[in-house]
Amino acid sequence: MTLQDLTALLHEGVPLAQLLRIEAIAFEPLTLRMPAAALALRPGGTTSGPALMALADVAMWAALLIANHGQDLSRTTQLAIQFLRAAAPGPVIAEPRILKPGRTLIYGEVWIRGESEDRPAAHVTTQWAVVPS
Amino acid sequence: MTLQDLTALLHEGVPLAQLLRIEAIAFEPLTLRMPAAALALRPGGTTSGPALMALADVAMWAALLIANHGQDLSRTTQLAIQFLRAAAPGPVIAEPRILKPGRTLIYGEVWIRGESEDRPAAHVTTQWAVVPS
Amino acid sequence: MTLQDLTALLHEGVPLAQLLRIEAIAFEPLTLRMPAAALALRPGGTTSGPALMALADVAMWAALLIANHGQDLSRTTQLAIQFLRAAAPGPVIAEPRILKPGRTLIYGEVWIRGESEDRPAAHVTTQWAVVPS
Amino acid sequence: MTLQDLTALLHEGVPLAQLLRIEAIAFEPLTLRMPAAALALRPGGTTSGPALMALADVAMWAALLIANHGQDLSRTTQLAIQFLRAAAPGPVIAEPRILKPGRTLIYGEVWIRGESEDRPAAHVTTQWAVVPS
């Protein structure tokens, strides 16, 4: 699967991702990027919570698509986000990581930060259920 | 504060809410409604997780704006969503409730369901911090 | 199943519950009670977080045992507790509620308060997986 | 602060920790250990969820005590545990880490595993509030 394939899958599966232009920029480690866009911003220019949550959910989904060779075999059952500080104005980066694969439940985390920053803006833990085929 | 005032505040504060057309339809109890829109949907016509999370966050923000007579005095520190079942295709309803007001931390919940359903699609708990003035 | 049967099951399954003397006091709605005990207290006489978490987990387990006619068919996959205020010194009450039964995943909440208080000390959401038989 | 000082503080502050004999075994990185004890076990010999939650809460508290040179300046506001697999029978290890220190809110995680295992038994995220002095 190429980065282009992955980005196409993300945009098709979650149209909101297309609007926010969530794109994959690297495979190892998987890194997603959301350019600053008026629709994602709050007054003051920081990225809104809903936009960060959308990015996090799509990021973990991307990690699972890659792990499953492009097959969409799981759905979010739980997502918890802790907002740590406002993301600096500008693009936002997400790094998802599968912490525990499983036959029925999958658990992972996503770190989110402003592209120009080292310090995280948010930390996400999320659980996915494997869809019975 | 009128419903029109509230909806205007929501759209101004979170442009994504404008796009998804999140609107307040009742005050007692506070009820928000997100019409079915292509951008919020997944293949199959059910509302995507990111759209439901956006609705939940904006719904609790609306409850706090009302409690504070239109003043924006708090920000999300934590939001956890449990997806219970796919929302039926069509508009989605959110009912936020402040479970514990506080001087520094506020805690609440949001129930989300398809407009044509009684059974919930998701349950959200969320914590907000009062912004020092 | 009698209250005595239920309490016996709880003490057998989680010995810590025996130590903290978690007991069922009512079926409708299900209400569990943890007497004040030195081991559960913090300096100052309020009940410690770990004791409240133990009570919450056992309370939801009790609700599931009742729903399953005494059969132990599920295990905790996730538990999130929000501490709202210190419980008043004295016995503590837990009221569990199954919010969504399911064939594979179960979701519920537990409210916890000091026996002499109306206001809650903590709110818990918890997810359980049905154990394949 | 010595490991002996720390363990004494933990046992004094949370008597339940004394019962479960939670002890600090290393500073860098901070590692806590809970020996297998009948009270913490479930039938089958695996450590119960409540015992793991107690260990996690005390572990983060230990990390904060060390960061504050033995002063107890914060209290748990939120704790979420994801159970990943049963811990092997035997002692259990917890490794807490402060992910974001803060003036009002602190956020951290705790990994828990059986002493004889590499794979984690549970992952905890937790938020603490700094107590106004």
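Miscellaneous remarks
Read from first to last, the chains carry the letters A, B, C and D; within each, the first residue is number 1.
The working rule: a residue touches a chain if its C-beta (ideal position, glycine included) is under 8 Å from a C-beta of that chain, and two chains touch if they have at least 3 such contacts.
This structure is a prediction, so every number in the text was calculated from the model and none was measured.
Pairs B-D and A-B differ in how many C-beta pairs touch across them, and the larger number is found at A-B.
Most remote chain with respect to chain D, judged by CA-atom centres, is B.
Computed from the mean C-alpha positions, the centre of chain A lies at a distance of 29 Å from the centre of chain D. Here the spacing of chain A and chain B, counted between their Cα centres, is 21 Å. In this assembly, the C-alpha centroid of chain B lies 35 Å from the C-alpha centroid of chain D.
Residue positions of chain C with contacts to 2 or more other chains are 77-78, 80, 82, 127. The touching residues of chain C, when paired with chain A in their complex, are 77-78, 80, 104-105, 127, 129.
Of all residues in chain B, those touching chain A in their complex are 12-17, 19, 38-43, 48-51, 53-54, 57-58, 75-83. Partner chain A is touched in their complex by these residues of chain D: 80, 82, 84-85, 99-100, 107, 120, 123, 125, 127.
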